[in-house]
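For clarity, chains are labelled A, B, C, D, E and F in written order, and residue numbers in each chain start from 1.
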Amino acid sequence: MKYGARNRITGKVKSVKKGDVMSLVKFDVTPPAEMASVLTTESLESLDLKVGDKVELIVKAIHVLPVKE
Amino acid sequence: MKYGARNRITGKVKSVKKGDVMSLVKFDVTPPAEMASVLTTESLESLDLKVGDKVELIVKAIHVLPVKE
Amino acid sequence: MKYGARNRITGKVKSVKKGDVMSLVKFDVTPPAEMASVLTTESLESLDLKVGDKVELIVKAIHVLPVKE
Amino acid sequence: MKYGARNRITGKVKSVKKGDVMSLVKFDVTPPAEMASVLTTESLESLDLKVGDKVELIVKAIHVLPVKE
Amino acid sequence: MKYGARNRITGKVKSVKKGDVMSLVKFDVTPPAEMASVLTTESLESLDLKVGDKVELIVKAIHVLPVKE
Amino acid sequence: MKYGARNRITGKVKSVKKGDVMSLVKFDVTPPAEMASVLTTESLESLDLKVGDKVELIVKAIHVLPVKE
């Protein structure tokens, strides 16, 4: 599988918070760090994400905002 | 500084490719990994990003797409 | 603080509607006008936004859609 | 015309920088302020944006990132 | 009406799921297919979307992710 | 492969316009219609998109803007 996106991170589902329309999922990524995704609760259910599941996190480069002090 | 975004990653500028309107910047993030950002060339210049600069990469959770095999 | 984004607007928190997963915040911006942001309720809480708080609203230029009659 | 977006700002085209694939347009918005949009050069041409044109700038609330000191 | 976006699809509202802050709307698009949009419940109400309403779905090209096996 | 996104459209590459940093790809989708994607030229090259290639186009529901007359 090849994606039209520059950022591809492997993680494990750490927690799932299911809301009415939107849901929030947290992922353990190495090194001990965490990333979060918001998706529709429908997508969550069709992905059938459970704690411990291995996923890839895809982020288009246009959505990465660099900030510098 | 506090951001209304769940994902905040520290990285170092690894390379800068300046285009006419848009530019592509790559970052070293730990562990040996890489992330990429696309921003306007104007923003690049006003940030004055140079190889080795330390930045924070902010990503709203809504822009993280989980994919599962 | 420098941001890799072209749009940076100063506003004051006008109202906060906290949802289960996502929250909606409205801002007074000058001139008498209003902008809105949706963020995770977690981000809202970590920002600790209260009515009257001064914030900056960052929008990447790629997310601005021009419409012309 | 009604839009599924919370932010709708009226502006005038101030400058157009046409790139190979992407273009950058700046807008005067009141009060003396400026906003920027990046769009494909094709969209720019089909909009036929010229300096002084009046446009509406639509931004979904999810794309507004609040930052607080 | 002209939009600064490459993708413009005509559809009919098929279902509306109204959440506390965010809402999910599904559209019938031709050929027998379906698209989905998430927007704030406020936007949903100001659009006054009802099943059967004809709408246009606007998507900026930057938000389309191509995937290839 | 399962995606955390509600919109998944099958298409064929119709044209590729490679820019310095960003590239624009057009797709034939059924019925005789067209969709467009902008991605980094690097992603384009790593996807190795050629006219006639079959791809899936993934769009998160949050990026679909409904407009109603």
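The criterion applied here is as follows: a contact is a pair of C-beta atoms (placed from the backbone, for glycine too) under 8 Å apart; a residue touches a chain by one contact, two chains touch by 3 or more.
Nothing here was measured: the structure is a model prediction, and the numbers come from that model.
K.L.:
By label order, what chains touch chain A and chain D together?
P.N.:
Under the touch definition, chain A and chain D have B, C, E, F as mutual neighbours.
K.L.:
Where the centre means the average of the CA atoms, what chain is farthest from chain D?
P.N.:
Between chain D and the rest, the longest centre separation is with A.
K.L.:
Based on the averaged CA atom positions, which chain is farthest from chain B?
P.N.:
Centroid comparison gives E as the farthest chain from chain B.
K.L.:
As a quick test, compute the distance in whole Å between the mean CA positions of chain D and chain E.
P.N.:
Here chain D and chain E have centroids separated by 21 Å.
K.L.:
Could you put a whole-Å number on the gap between the CA centroids of chain A and chain C?
P.N.:
Whole-Å distance between the two chain centres: 23.
K.L.:
Considering chain C alone, which of its residues make contact with at least two other chains?
P.N.:
In chain C, the residues touching two or more other chains are 1-6, 19-22, 24, 36-40, 42, 47-48, 58, 60-63, 65-69.
K.L.:
According to the definition already given, which pairs of chains are in contact?
P.N.:
Touch list across chains, by label: A-B, A-C, A-E, A-F, B-C, B-D, B-F, C-D, C-E, D-E, D-F, E-F.
K.L.:
In the complex, go through chain F and note every residue touching chain E.
P.N.:
For this pair, the touching residues of chain F are 1, 3, 6-7, 9, 24-25, 27, 30-31, 33, 35-39, 47-49, 53-69.
K.L.:
For chain B, which residues count as touching chain D in their complex?
P.N.:
Its residues touching chain D are 1-5, 19-22, 40, 42, 58, 60, 62.
K.L.:
Looking at the complex, which residues from chain B come into contact with chain F?
P.N.:
Answer in residue numbers: 17-24, 36, 38, 62-63, 65-69.
K.L.:
Over in the complex, which chain B residues touch chain C? Could you list them?
P.N.:
My answer: residues 1-6, 37, 39-40, 42-44, 46-48, 60-61.
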